[in-house]
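Worksheet: one structure, shown below.
Chain IDs A, B, C and D follow the sequence of writing; residue 1 opens each chain.
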Amino acid sequence: MALSREQIAQRVAQELQDGYYVNLGIGIPTLVANYVPKGMDVMLQSENGLLGMGQFPNEDEIDADLINAGKQTVTMATGASVFNSAESFAMIRGGHVDLTVLGAFEVDVNGNIASYMIPGKLIKGMGGAMDLVAGADNIIVTMTHASKHGVSKLLTKCSLPLTGKGCIKKVLTDLAFIEIKNGKFHLLERAPGVSVEEILTLTEGELMVSGDVPEMSF
Amino acid sequence: MALSREQIAQRVAQELQDGYYVNLGIGIPTLVANYVPKGMDVMLQSENGLLGMGQFPNEDEIDADLINAGKQTVTMATGASVFNSAESFAMIRGGHVDLTVLGAFEVDVNGNIASYMIPGKLIKGMGGAMDLVAGADNIIVTMTHASKHGVSKLLTKCSLPLTGKGCIKKVLTDLAFIEIKNGKFHLLERAPGVSVEEILTLTEGELMVSGDVPEMSF
Amino acid sequence: MAGFDKVVSSYEEAMAGLTDNMTIISGGFGLCGIPENLIAEIKRKGTTGLTLVSNNCGVDDFGLGILLPDRQIKKIIASYVGENAEFERQMMAGELEVELTPQGTLAEKMRAGGAGIPAFFTATGYGTPVAIGKEERQFKGRNYILEESIIGDFAIVKAWKADRYGNLVYRKTARNFNPMAATAGKITVVEVEEIVEPGELDPDQIHTPGIYVDRLILGSFEKRIEQRTVRTTTTQGEK
Amino acid sequence: MAGFDKVVSSYEEAMAGLTDNMTIISGGFGLCGIPENLIAEIKRKGTTGLTLVSNNCGVDDFGLGILLPDRQIKKIIASYVGENAEFERQMMAGELEVELTPQGTLAEKMRAGGAGIPAFFTATGYGTPVAIGKEERQFKGRNYILEESIIGDFAIVKAWKADRYGNLVYRKTARNFNPMAATAGKITVVEVEEIVEPGELDPDQIHTPGIYVDRLILGSFEKRIEQRTVRTTTTQGEK
């Protein structure tokens, strides 16, 4: 069965390591913070200028001067630091963030990602996404494997304008955990109960399957 | 008679304006701070990361963590701020300093300046001088007009390696206050008792003299 | 030090000299840390043909969004826009030019503008629509594009505290783009919540040195919140 | 948060992994704010063939100068050097390569290295020996040269206070190049005068966020003064 949003977040959280500085995009990536394994600590970077993002505030803690990149009111974790936007993106662009998790519309076999713009629709902008994909070495894209109509989002070539070129190596969809290398998708894991055939059907780009593909475990 | 070091500093100080942020180089420029006109306030920028340099400390105020660009112990003036070297040179390079005063070995009619290197001698480096001359719009060079042997330092073309190209517009020597424009020196003022002829003799580059050249007044 | 007292007493004085077709750089992220009263003064003045450089463009009735109904903005350079209906209408109708710029590149363009760096290379945007018309170059086997810096005729900034000399301190994530904006205006105007005497701020803890600030005004702020999120039993955000 | 505790207990541990021919970026201006004990550890280790990136090279018996007698430095990238006899001897004898770099360009090269900016244009050095072999280009009618960024295998940094997570605060002009150096090391090692618990430093007042710091050690410092100048009746400096 396809993973729920929470399960996607939960699987991503398994990729965390103790002491990781992590940037979580809006949507599913944000949920990852709820599944940090016990005894492990990560610090969340919010690109509007906060390292050490805490949980949402209680009603009496709400502070208009303290928001995250999604413009939500937040708090600071112990040991947090605040900085300006140039410094924040120096951190991101300079490769100092250990893991970036963000959503996408499409990815392709060459590690290209399209996530910010659908021509003909209102274009709101890329925000910090282009900096995040260009700056991070370790990125996990979370997305649904295909549209509701069964149209694959894992492509031979992205059809939408790119957010970044050749920068994605790992994709976690509701059906599979996939690695991108040498111009191909590689199936690492499948969602519990989802067959390799189903994944192959819904993956437009070339997908390599070797040996027994394990199911994800939670 | 040729100006003393103190008189050069005193004449430069007349170019100050209330509210000026000023960077003073090592040597004669440093003395300018002693002649800030009454009722006028300037803030001194020290390129190692201090805006609002104060006077030297009393014995009991000496702090190894508080020095100026000449590596001398200093104090902070009221309203001072401290910043890192990148920020300090952002200030300088970005043209935010109102006046820069620095010494030189040579200047020429095209506004070139040589101040950091005499080939064959030990080369200590340019420190912040190249940034200062490239960044400031308003620079006054202080220097002796000629060597002890009567060799002019105001040249048609600098003979030493340059610190900056085409960036000097004003030179104050022990003999004259000179403006550089349109590829020529222009005599603005002469030191008290120094004749125009004497200045012409000791100026190798083309020097324009128009009308009666006033003596400096102190 | 009369010459360093940057305090002005009216918003009219604060924005004096702003004329049609100028470029304004604004601090703020979303509605957080925006110079809300300076923006309101621009609306009151009715200046038009403006190029705005700001991460966002406010909402319908707050922030830079209030400059839209009177068509005061000709062009906006931003990373994320369209949080309001009038913006969308003007953009779709071609009445408003929008130059989308990645957030980090935008911050760096402002910093570079203030720092006398005319252009820099960045990997951000390589191979995307952002790279169109820009020079591409490899350094150590990686691809980068050349981005040019931005300077504004005016910069409008919101800080928390200032001394009279314009030394600024920001509060929490209201800092965001404000320090870069402050460096990149030919005339930098700052509004703050509190003005203290010189010497009261710790020199080691000043975020923006007064050298960048031309005018300073004491304001009172609504500080509207865009996404009021609170803790629930099913907590989101970090544990 | 065990994963974020950067504290190490010995200088040996602090500089573990440093090997011959590596590049080290050091904070400090003159002898002010230099990581004096980390430098002493490099001398003790005897690592050679080093490329040092630092504004200055210390004096004969203090700071980076102590690495000269054993010929540990192959090359130094600095803005101002030669405050000691052995340096001069090695340079004149061609035993030590010196790459003179304008101070502001040096600071910006470190910052750019840490910030993922591979190169930037600056007017500094245009038309001078510094421009030799570098691309020149005009922007808005002014001439600039292209400068590339610097990254070090190690960065050695002196801060005043830190929390265990490596959040740093500097004191007065001992800040200088340290914050940039901290961003530009593959491994950044910091020595400080005081280590506090996370949460004790005001998040708004941290100069270097802990994300840049890999190792942190508590040191004791001589803090030698290069030019001990005091006030006299004929005062120099600002009135």
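Note that a residue touches a chain if its C-beta (ideal position, glycine included) is under 8 Å from a C-beta of that chain, and two chains touch if they have at least 3 such contacts.
This one's a predicted model, so the numbers in the text were calculated from it and none came from an experiment.
Return the chains shared as contacts by chain B and chain C, ordered by label.
For chain B paired with chain C, the chains in contact with each are D, in label order.
Report the inter-centroid distance (CA atoms only) between chain C and chain D in whole Å.
Roughly 32 Å, centre to centre.
Provide the C-alpha centroid distance between chain A and chain D, rounded to the nearest whole angstrom.
36
Between chain B and chain D, what is the gap in Å from one C-alpha centre to the other?
Chain B and chain D have C-alpha centres separated by 28 Å.
How many angstrom between the C-alpha centroids of chain B and chain A?
So the centre of chain A lies 55 Å away from the centre of chain B.
Could you list which residues of chain B touch at least two other chains?
Residues 42, 76, 82-83, 89, 92-93, 134-135 of chain B touch two or more partner chains.
In chain D, what residues contact two or more other chains?
Each of 108, 111, 115-117, 122-123, 170-172, 175, 203-204 in chain D touches at least two other chains.
What kind of graph do the touching chains make: line, ring, star, complete, other?
other
For this structure, give each pair of chains that are touching.
All chain pairs meeting the touch criterion are A-C, A-D, B-C, B-D, C-D.
Using the touch definition up top, name the residues of chain D that touch chain B in the complex.
Where chain D meets chain B, its residues are 29-33, 55, 78-83, 88, 91-92, 98, 100, 102-108, 110-111, 122-130, 143, 160, 170-180, 207, 223-232, 235-239.
In the complex formed with chain D, which residues of chain B make contact?
Touch list, chain B to chain D: 30-31, 33-34, 36, 42, 44, 46-50, 53-59, 62-68, 70-77, 82-86, 88-89, 92-93, 112, 117, 122-131, 134-135, 161-166.
Write out the stretch or stretches of chain C touching chain B in their complex.
These residues of chain C touch chain B: 1-4, 111, 113-117, 163-165, 167, 183, 198-199, 203-204, 206, 209-212.
What residues on chain B touch chain C, complex-wise?
17-21, 40-43, 45, 51-52, 76, 78-83, 87, 89-97, 134-135
In their complex, what parts of chain D are in touch with chain C?
108, 112, 115-123, 139-140, 142, 144, 148, 169-172, 175, 203-205
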